[in-house]
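In what follows, structures are represented as structure tokens.
Below are two complexes that have chain A in common, paired first with chain B and then with chain C.
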Partner chain A sequence: MNSITLGLKKWWVPGLLIVILLLLAGLPRFAPMYTVILATSILMYVILTQSWVLFSAPTGYFSLATAAFFGVGIYTAAVLGFTLPLPVVVIIAALISSCLAFVVGALTLRLRGIYFIIFTLGLVELIKNVVLWHAIKFAGARGRFVVLVPNNTIYYVMLAILVALLLTTFLIRRSRYGLALQSIGENEEAAAHTGVNVTMVKVITFAISASFMGAAGAIIATRWTYIDPYIAFKSLYSFMPALMAIFGGMGQFYGPILGSVVFAYLEEVLITKFPYHYMLLFGAILLIVILYLPDGLVGLVQKARKTVLQRGEHAIT
Partner chain B sequence: MIATILNVVIAGLLLGGLYALIAMGLSLQYGVARVLNISHGEFIMLGGMITWTLFTRFGLNPLLALAVCGPLAFLLGFILHRTLFRRLLASSASPGIFESNSMLASFGLMFIIQNVASIYWGPEIRGYSYLRNPVNLAGAVFGANRLLTLGVAIIIGLAFYLFVARTRLGKAIRAAAQDPATAGLMGVNINMVLALCFGLGAALAAIAGVLISISYPVNVVMGGEYFIIAIIVVVLGGLGSIPGSFIGGFLLGIVGSIVTSIDPLLSLAAYYLIFIVLLLVRPTGIMGK
Partner chain C sequence: MPLLEGEGVTKHFGGLAAVSHVDFQVDQGEIVGLIGPNGAGKTTLFNLISGALVPKAGAISFRGEKINGLKPHRICRMGLARTFQSVKVFPNMPVFENVLLGSLFGTSNRQSTADAAAYAGETLEFVGLSEIRARPARDLTLANQKRVEVASALATKPELLLLDELMAGLNATEVAQAMELVARIHDRGITIFMIEHVMKAIMNVCDRIMVLHHGEKIAEGTPQEITTSKTVIEVYLGE
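Now for the complex of A and B:
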């Protein structure tokens, strides 16, 4: 509620965003290949987090199905990547993921709270096991190869998906549709009584958010070159977006973006510097964030700004 | 034919006993303490790995390991609730926020426990031989260790049920599950009861881990799969219902054993299918209100 008005009044957030996007567009020209690859991973997490936030933050439905839609995208690229051009593959992946989300959403979005969480968790495992069974039974091998794509192309496709996602988020937030979505999170019954088609709004938003997850999966699969159900449907990809969003702080538009950038970079550093203690550090950071940073990085920034401002006032008076 | 059916049913019961124990622990943690404990599987793993170490290094009987791992896990769970989850409970604005926050916190715990365990034990699959001699049950042959597992699982499950249904403390636990605020007004030390439930849940997981290690090989990443099974059983039995979890465990064990006899690759997929259909048709489970 507050975040919408704040996000609109502050011109510098979208302004800064455009400058950052322009810089990102030029990145492969001046940065080494390693930076481009790292930036692609970070962009992937930003997309997953931001599309998770698109549905879960306003409605309050805590989805752990991200890995399902992401994995469907990955498999789309593996199956169609050798026969169809890349943009078509990415678009088909987005469509298949959103269709799956539409069906799943229509069936399950009447489940509330913990039941919805558990259901989405189970969905990922169901799809993983069915794909695994199919692979072993009919293809005779657990994994598949994915078509190779140059790193710069992967980077630009990822960036394009992110721009589309940010535009979609912005348009939804500004529209009546976004208000309807927000009202569902605050009080679903009241929203229904004021004439919001609650089921339709929820299901469509769920499908939109899934389409970006699928698209991100399709393009990142081309970098992995080999995939199997355990790689594609890893439940970590369901938890990561939620964690990154909370890490960044969901009170502001830029919170989840900030959270996913910092967290994804942190993950990369931890994996390369501490390969054997990576999970331990990761878990500890997680606990610290949940215990001591309930409003995430954004909360920390705001608190710091407040103290600085107060000090300034004291200095004047 | 009869021998085959008997074989499938008994195999299902053997599996079901373990599932029941695991699910009862999770059910207690979620039903009373409201923590959807994703690290539940790691307590199972700890039980199994510690038993393996005690058996191979000190020759300790796995049944005696029950008396070591149970209290140890209880203590760990109790302390975790007193420090971590109680703090979260105090700082969360609503029960819904506490549920998602505590779930994420337990996700972090899962990473920490698994990493510490893998530093200590390494990634190898560990197993030991205990009571492997075959027993003939009306034509169906099973290892004595697996029958022992079932026996212990049933005894502990029933003892636990009686504790919750018949004792004064059990009544406090049931009251806390129904309405923590009112239970607190009636003189139940609510923080103590919640921590107790979390500890007991951890103890049940570790006990199940000990029993698993008697019949199956164990390793440090085994927890995840058992956690998923536990959550399926808990939903099957009805969230928070302890007898439901007990019965649900055996039900799922038998279903698993039937599907395995048709196509072993499909057993996990079948579990999830049951789970998802159940959530859609009857989310409150077989024993739910």
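Now for the complex of A and C:
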């Protein structure tokens, strides 16, 4: 009995995930176009959040560079989208973003705490201004047009990126590499003295996480049709993934996913229902969550489950 | 050739010479003690040897190879492991995973996960923590956390083990157990270099003792010679 419940516990999260992914794969067949577009935005936020979590949660390095890698992906699509096939563009975007993360990581991952956070935020501004300078000086225009892609294609590419990301996360967590990552977050000095090549583990994970951010940027850019540095390198895209992860709760694997789905959906609903006050409402909801749900939505779920289980036990005895 | 050798090792913090022109050597199979008043530079010297700090001048070599300037993980994989004065375990990981990290990453040859897990299990057995292997390290007593640290260091299969105040903060029974553990580690053929304030321990187990004061080596010799040395009594042991 006990081993069966344990087995169930172990499998219900991946099982549920597979069911959800299958449903998502069939979504464009039965849902209206509006739902597909909304789902694409939600998937994009799930990717940004989950790839942020991949690096920042175990290591404790709080990165605000998401917008930089995302923006590099967006610009890759704008520059190469008209000449190369879409999958190639997405892969190149992932590669460029991860190379950038590799270089930046090698230079800055020795910084800890607040210094790292500020540097990563500065990186977004730096790249934004370099791109802006280049655009005005050489191209003569601030923005660029992006190749058009059908909505269903955008949706499926986004879904494929998410599946790849979830698989990567799962494999890293299960491997010795995942253990090394966790040891860095718990005590970096001890990890180094136990034989973990802390610099390499950090830099490579940072690069892997950035590659998914870049891929997501490349595909979402095709929906926006026009981009400029202010759109592509918006610092909001740095804060959102971190907020969504905290909102969902980082204690569990599904926390950041749940957080980003609910958060992204909430944003959409609030924008459409209350176009003038949505930021205000959004802020209020966020404050309530931070104040009253320190463990995020996951904490709420666990509390609810505990109450239900306790009631069940009382009913039996 | 000595196992570990240092020549003119120097490290400054700002204007302060934490370690200055220290020569030392540890031979294969020895247990060498390092003593001195607080702030004498003992832990700094260990940090220089293990790669946590880089010396400003001087050379440190391990088995004849120069190691100053190498990253800590490289030094660890060469067979030089250490523990810390302020216990550094991985608090939220189970005891077993704490040790597994050592056998997965710290050995000179990369082992398969199964072999690494088997060796981590053996090492836990050796330090006597098998029964609590599933508990998170943060829930253990100080004495047991120190054992976890020793176990993860041993799991890297070191030739030389640096122990930084293994006995600090332990009660009399625990000190006796720790001394016994040091002796058993030595019996496995591992050379030991240890910082200690518990005089009984250091006098009983060490073959040779070095004394640091204000970053300089002021004496070196057998426990007998150290306890009778006039300078050592003046600066450290007291009348």
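Note that in this section the second predicted complex is superposed on the first by the 308 of 317 C-alpha atoms of A that agree within 3 Å, B and C clash if a C-alpha of one lies under 4 Å from a C-alpha of the other, contacts with A are read in each partner's own complex, and residues count from 1 in each chain.
Basically, a contact is a pair of C-beta atoms (placed from the backbone, for glycine too) under 8 Å apart; a residue touches a chain by one contact, two chains touch by 3 or more.
As the structure is a prediction and not an experimental result, all values here were calculated from the model.
J.: In the superposed arrangement, which partner chain does A:S183 touch: chain B (first), chain C (second), both, or neither?
T.: The second partner, chain C, only.
J.: Which partner chains sit in contact with A:H193 here, chain B, chain C, both or neither? Use first/second/both/neither.
T.: second
J.: For A:V130, select first, second, both or neither according to whether it touches chain B, chain C, the two together, or no partner.
T.: first
J.: Contacts for A:A242 in the overlay, against chain B (first) and chain C (second): which applies, first, second, both or neither?
T.: Touch status of A:A242: first partner only.
J.: Looking at the overlay, what does A:L111 touch: chain B (first), chain C (second), both, or neither?
T.: first
J.: Would you check which partner chain A:W224 touches, where first means chain B only, second means chain C only, and both and neither mean what they say?
T.: neither
J.: Going by the touch definition up top, name the partner, chain B or chain C, that contacts more of chain A.
T.: Comparing chain B with chain C, the partner touching more chain A residues is B.
J.: Which partner does A:Y265 reach: the first (chain B), the second (chain C), both, or neither?
T.: neither
J.: Residue numbers of chain B touching chain A in their complex, please.
T.: Those in contact with chain A are residues 30, 36, 84, 87-88, 91, 96, 99-101, 103-105, 107-112, 114-116, 119, 224, 228, 231-232, 235, 239, 265-266, 268-269, 272-273, 275-276, 279-280, 283.
J.: Across the complex, what residues on chain A touch chain B?
T.: 60, 62, 107-108, 111, 113-115, 117-119, 121-123, 125-126, 129-130, 132-133, 136-137, 235, 239, 242-243, 246, 276-280, 282-287, 290-291, 294
J.: For a test of understanding, state which residues of chain A touch chain C in their complex under the given definition.
T.: 176, 179-180, 182-183, 186-187, 189-199
J.: Quick check on the complex: what are the chain C residues that touch chain A?
T.: Chain C reaches chain A through residues 50-52, 71-73, 76-77, 81-82, 84, 88-93, 97, 100-102, 104-107, 113, 116, 149, 152-153, 156.
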